[in-house]
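Look for chain A in each of the two complexes below; its partner is chain B in the first and chain C in the second.
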Partner chain A sequence: MRHPIRITGLSLLVLLLVLLPWIADKYSLQLIIYVMTYSMLALGFSLCWKARLIRVDLAGYWAIGAYATGMLMTKAGWSYWPTIAAGGFIAAIIAWGVGSLTIPRGGLVFFSFAMLVSLVIQQTVAASNFFGGWAGIESMPPPAIGSFVFRGKTEYYFLGLFLLSINFVTYYLLYDSRIGRAWTAIGSGVGFAKSLGVNVVRYRLFAVIISSFFCAVSGSYLASYQMYIIPDSFGFYQSIMIQMFSLVGGLNSFLAGPLVGAAIMTFIPEYLKVTAEIEPILTAVVIILVILFMPLGILGLVRRWWRSSIVIRMRSKLTIRST
Partner chain B sequence: MNLSLFVQCLVNGIMIGGIYALVSSGFTLILGVMKIFNFAQGQFYMLGAFVTYGVSVALGMPYLVALIISILSMGVLGILVYIGIIRWTYSGFFQTVLATVGFSTIAKQTSLLTFGYREKVLPAVVRGIINVSDVTLSGGKLFIIFVAILIMVSLHFFMKRKVGTSMRTVAESIDVASLLGISPTRIFWLTMGIGCGLSGIAGGLIAPVLCASVLMGEHIFIMALLVVAIGGMGSMTGALLASFVIGIVESFAYQFVGELNLVAIFILLAVIIYFRPGGLLGKPLPIPTAE
Partner chain C sequence: MVLLEVRSLSKDFGGLRALQNLDFDISEHELVGLIGPNGAGKTTLFNVLTGFYRPTKGKVIYRGEDISRLGPNEIARKGIVRTFQETILSMDSTVYDNVLMGCHINFRAGVIREFLHTGAAAWEEQRMRDHVQEILEFMALAPLQSELGGNLPHGQQRAVAIAMALASNPRLLLLDEPVTGMNPIETGTMMDHIKHIKNRGITIIMVEHDMRAVMNICERIIVLNYGQKIAVGLPVEIKQNKDVIEAYLGREEE
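Showing the complex of A and B:
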């Protein structure tokens, strides 16, 4: 028991997460399900940001996951569970192709090419009748284990919690490993990382592949929850929203930041009761204000406040001693 | 495919290519000189179309006056965006990207709330039709090609003059430009004004042929991005070349594969990126990361 406070807090958090469906009302539970979907995306954005790759294409991989689930369940008659992995692997393969083509050619080429890939995915899916066109895919069967069918929000909450914790733990272990330290080195400076012997291209490629995989997982979760998919929900605006979650939470907090940002930016517009036309304006204003006044996000602010309060406490102790 | 259809496809392609050339040369100018990825370029195009509509239809002024007002107002708006938002977020590439994204979202949604989804129809400016044996050409399209080429040529000569040279110096290195007595801030103002003004005039030109609609900004932004990726980041000549290539390819691909023409262009881009990483006529720009 090296960190008693930390372990107590962690077990309380787990208890709270397990009991949450019975504490929260139906409406909040639905919002929490969306928060979990968005968190998985924003975690992917933060992962790539750790290796200093800016991704504006995550919505495309989100769409790949959702469409893999939708197509395989309605057209090919698969059950739900293998489609998660199938969507993830399709996304990972596409990300590998895009990444190995563009990452060696520099950050800006990757940035613009990846954005085009996601836009082309959306436009192609919307234009072809095979994928259902602009109307999308409707009436998907719910996931089931044996005879137990996922119907209520509680079941979906636990499914989402399961997927999110797999994602979170994977990223946590990665950040704690050699790979994560290589990403940190790239984040401090590409030249610096190269001088340490880090293969920058390979580690960046790995970051892109793993984050695309989990984005697709998030997409198949969203598809199974909504039971319909339309191409409009995977546009460029959604990619910007993902960035905003990471930005509001804190760009330097790679694990907690996306979760906090997604939670805040999902709940606030809902409780302000803004309409669908005004919501993007609110998002944009928040983005600009956060960049201008809070460049490290909410967690950065909290962390700075915490540190300064510790310094003040230490100083007051020192003054007492000296007097 | 007979001759008449071929020539019409070619003229359509060149017209669309001219519009792409105007928008994407503004985009690549801003990217090259200021190192800003201007996501709002498409929205300036959309606003330019609406300004032209407002001045020529609602106020009843002649079309050429409306065109000049649209280029001037978009230039001023671009400078205001630079002063108001971008200058304060100059700490890193990512921050400026998000700032322009924020402005573009605000512009799009506000005009959606103001004008609605309905397309605004402008009366045709040049009505004539030119018949050469069995080939029919509409005068409006030829007018757009003429004006676009005129503007591109004058931009070319502008870049050869002293101001244009100092712009290129700032694009190379801000420090060297300051040492030579060039004020980078003034050059940034000018670049932003010219870049956004070019978008504005493109919108004003296209408005009588296609209608002015709120959603037109996003499509042109994708196309401008494709143009810049193919032509080379920060290269004006490359942008000019690539716009006409893309316009013609798009126009012909639309005849054969319909709505999937974007995929055709995208495959072209993938091949070009594989063989020439920096695009046709460019070298890869270094990406300045934040912090």
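Showing the complex of A and C:
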């Protein structure tokens, strides 16, 4: 059912998104670029959460994408675009390996081993000179399409919008299909899903692989924008930070939640002038507060408000008093 | 035709013998009641039959095939589906989406093809949706199809759970306490549904504590106590069986 209101709203949104680089100031645009990067990560976290798998290893796949782009461009002279696919592919393979070994043994085994793997990834690139050590990779060339070289934030904005859209639409199609329903069933209970014939291991594995893939894509994007990468950006803290985005947005919203959470937790610290030292503390405090007081996140609050406002509006229309 | 054969089935949990040497057959198209006091092992038996537990000894044979060692999702694919004592639904999904989840088994295309929404996948999707519509109407849930699972009253949630089990086209349906927590009217409605389900040709094993319901619609009753089969027979026979009465029959379940 195509509501005219929906179509108008959607068109306005698209228009806004297209015109954004000319409306927003340069600094906000940079924040938006980071929001898009974080959104892709948070979408991946929420995807695995849908199948009741908690991941604290997404920063590792972020690193894989970033380093694939960094290494292939600086050391092998690749153009930017194939490095996105390469990074994603490597991430998918590693995720497949980790997942196949551990998912059949349970969520906790997966959680622990995956976390270990992501730390190993970070330490490996930091320890070896081949990957640039702790100084990382710098002076990466910007992406180019033919003779058009990326120079300003606007180009990166549209690239990010493009990648995020592909990510978003992919997940949207998945959630709306039999695969998504299998994940929902798993989310309601592993035994329950099995009793309906769902091969829980296979669907969880698929969730892990595809979310790792898009996290790597996000990493390639980050690397291309910053034009340098350092191992410090891909540590355990960053994996936790990704959880925060999904939590704040709302854990039972798998598409809008991560975006909302990423936006809020990127813009608010900026307005509060949070320094780099305070940032981890802020993350921890936010996570604790959200779990305690707002477990369904911002979108959970919005939904509750929306539902109760419907009741209030209906009550004022009804003349019959309900019991 | 015999659908299910249980042979010398035992299940231990450490030192606790939950099921002892169970032996019985279930014929196709039967509606069998499984009763017994709390702790008799009824749900444990269901868990073993559907692959959630492995038997310690003995076998479960379904249509001539030994399924004792299979996992729950493989057993579901063979056509044995169960419901749970606790009502399990997706609370945030609509009734329609919940029942659609039950169709999962029926779909054969692989993950990649589904993802790409190929022609075959789209056609199967449409067939599934028709199937869901039919089941919703069968269980009189059609007017509720857009309601969120979490918003429904208990009785209707149970009906949705059964609809989900039906959606997977079972041959053998195991119902674990379908009318627990329902008032007499809801119970009557559910019993009618179960009768209709049997008329579709589905074999049913039903665990229940509500004696009136069980005696009314079950063709045959198996009685468990302390993991052992203490009686099998027609409802009239069971009502008069000394051992059964001694075990627990005799207090009317409201």
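Here is the rule we go by: the second predicted complex is superposed on the first by the 318 of 323 C-alpha atoms of A that agree within 3 Å, B and C clash if a C-alpha of one lies under 4 Å from a C-alpha of the other, contacts with A are read in each partner's own complex, and residues count from 1 in each chain.
Just so it is clear, contacts are C-beta pairs under 8 Å (C-beta built on N, C-alpha and C of every residue); 3 or more make two chains touch, one makes a residue touch a chain.
All values reported here derive from a predicted model rather than from experimental measurement.
Chemist: Applying the touch criterion given at the start, work out whether A:L196 contacts chain B, chain C, both or neither, answering first, second, both or neither.
Modeler: second
Chemist: Who does A:S177 touch here: chain B (first), chain C (second), both, or neither?
Modeler: Second partner only, chain C.
Chemist: By residue count, is chain A touched more by chain B or by chain C?
Modeler: Of the two chains, more chain A residues are contacted by B.
Chemist: Is A:A127 in contact with chain B, with chain C, with both, or with neither (first, second, both, neither)?
Modeler: After superposing on A, A:A127 lies in contact with chain B but is clear of chain C.
Chemist: Once the structures are superposed on A, label A:A185 by its partner contacts, choosing first (chain B), second (chain C), both or neither.
Modeler: second
Chemist: What is the contact status of A:V109 with respect to chain B (first) and chain C (second): first, second, both, or neither?
Modeler: Touch partner of A:V109: chain B, not chain C.
Chemist: Please report the chain A residues shared by its interface with chain B and its interface with chain C.
Modeler: In the superposed arrangement, which is not itself an observed complex, chain A uses no residue for both chain B and chain C.
Chemist: Could you pull out which chain B residues touch chain A in their complex?
Modeler: 37, 85, 88-89, 91, 93-95, 97-99, 101-103, 105-106, 108-110, 112-113, 218, 222, 225-226, 228-229, 233, 258-260, 262-263, 266, 269-270, 273-274, 277-278, 284-287, 289-290
Chemist: Spell out the residues on chain C that touch chain A in their complex, using ranges where they run on.
Modeler: Against chain A, chain C makes touches at 50-52, 71-73, 76-77, 81-82, 84, 88-93, 97, 100-105, 107, 111, 114-115, 117, 125, 128, 164-165, 168.
Chemist: Spell out the part of chain A that touches chain B in their complex, as residue ranges.
Modeler: 49, 52, 54, 56, 101-102, 104-109, 111-113, 115-117, 119-120, 123-124, 127-128, 236-237, 240, 243-244, 247, 251, 277-278, 280-281, 283-285, 287-288, 291-292, 295
Chemist: If we count contacts the way the header does, which residues on chain A are in touch with chain C in the complex?
Modeler: 173-174, 177-179, 181-182, 184-185, 187-189, 191-200, 202, 206, 252
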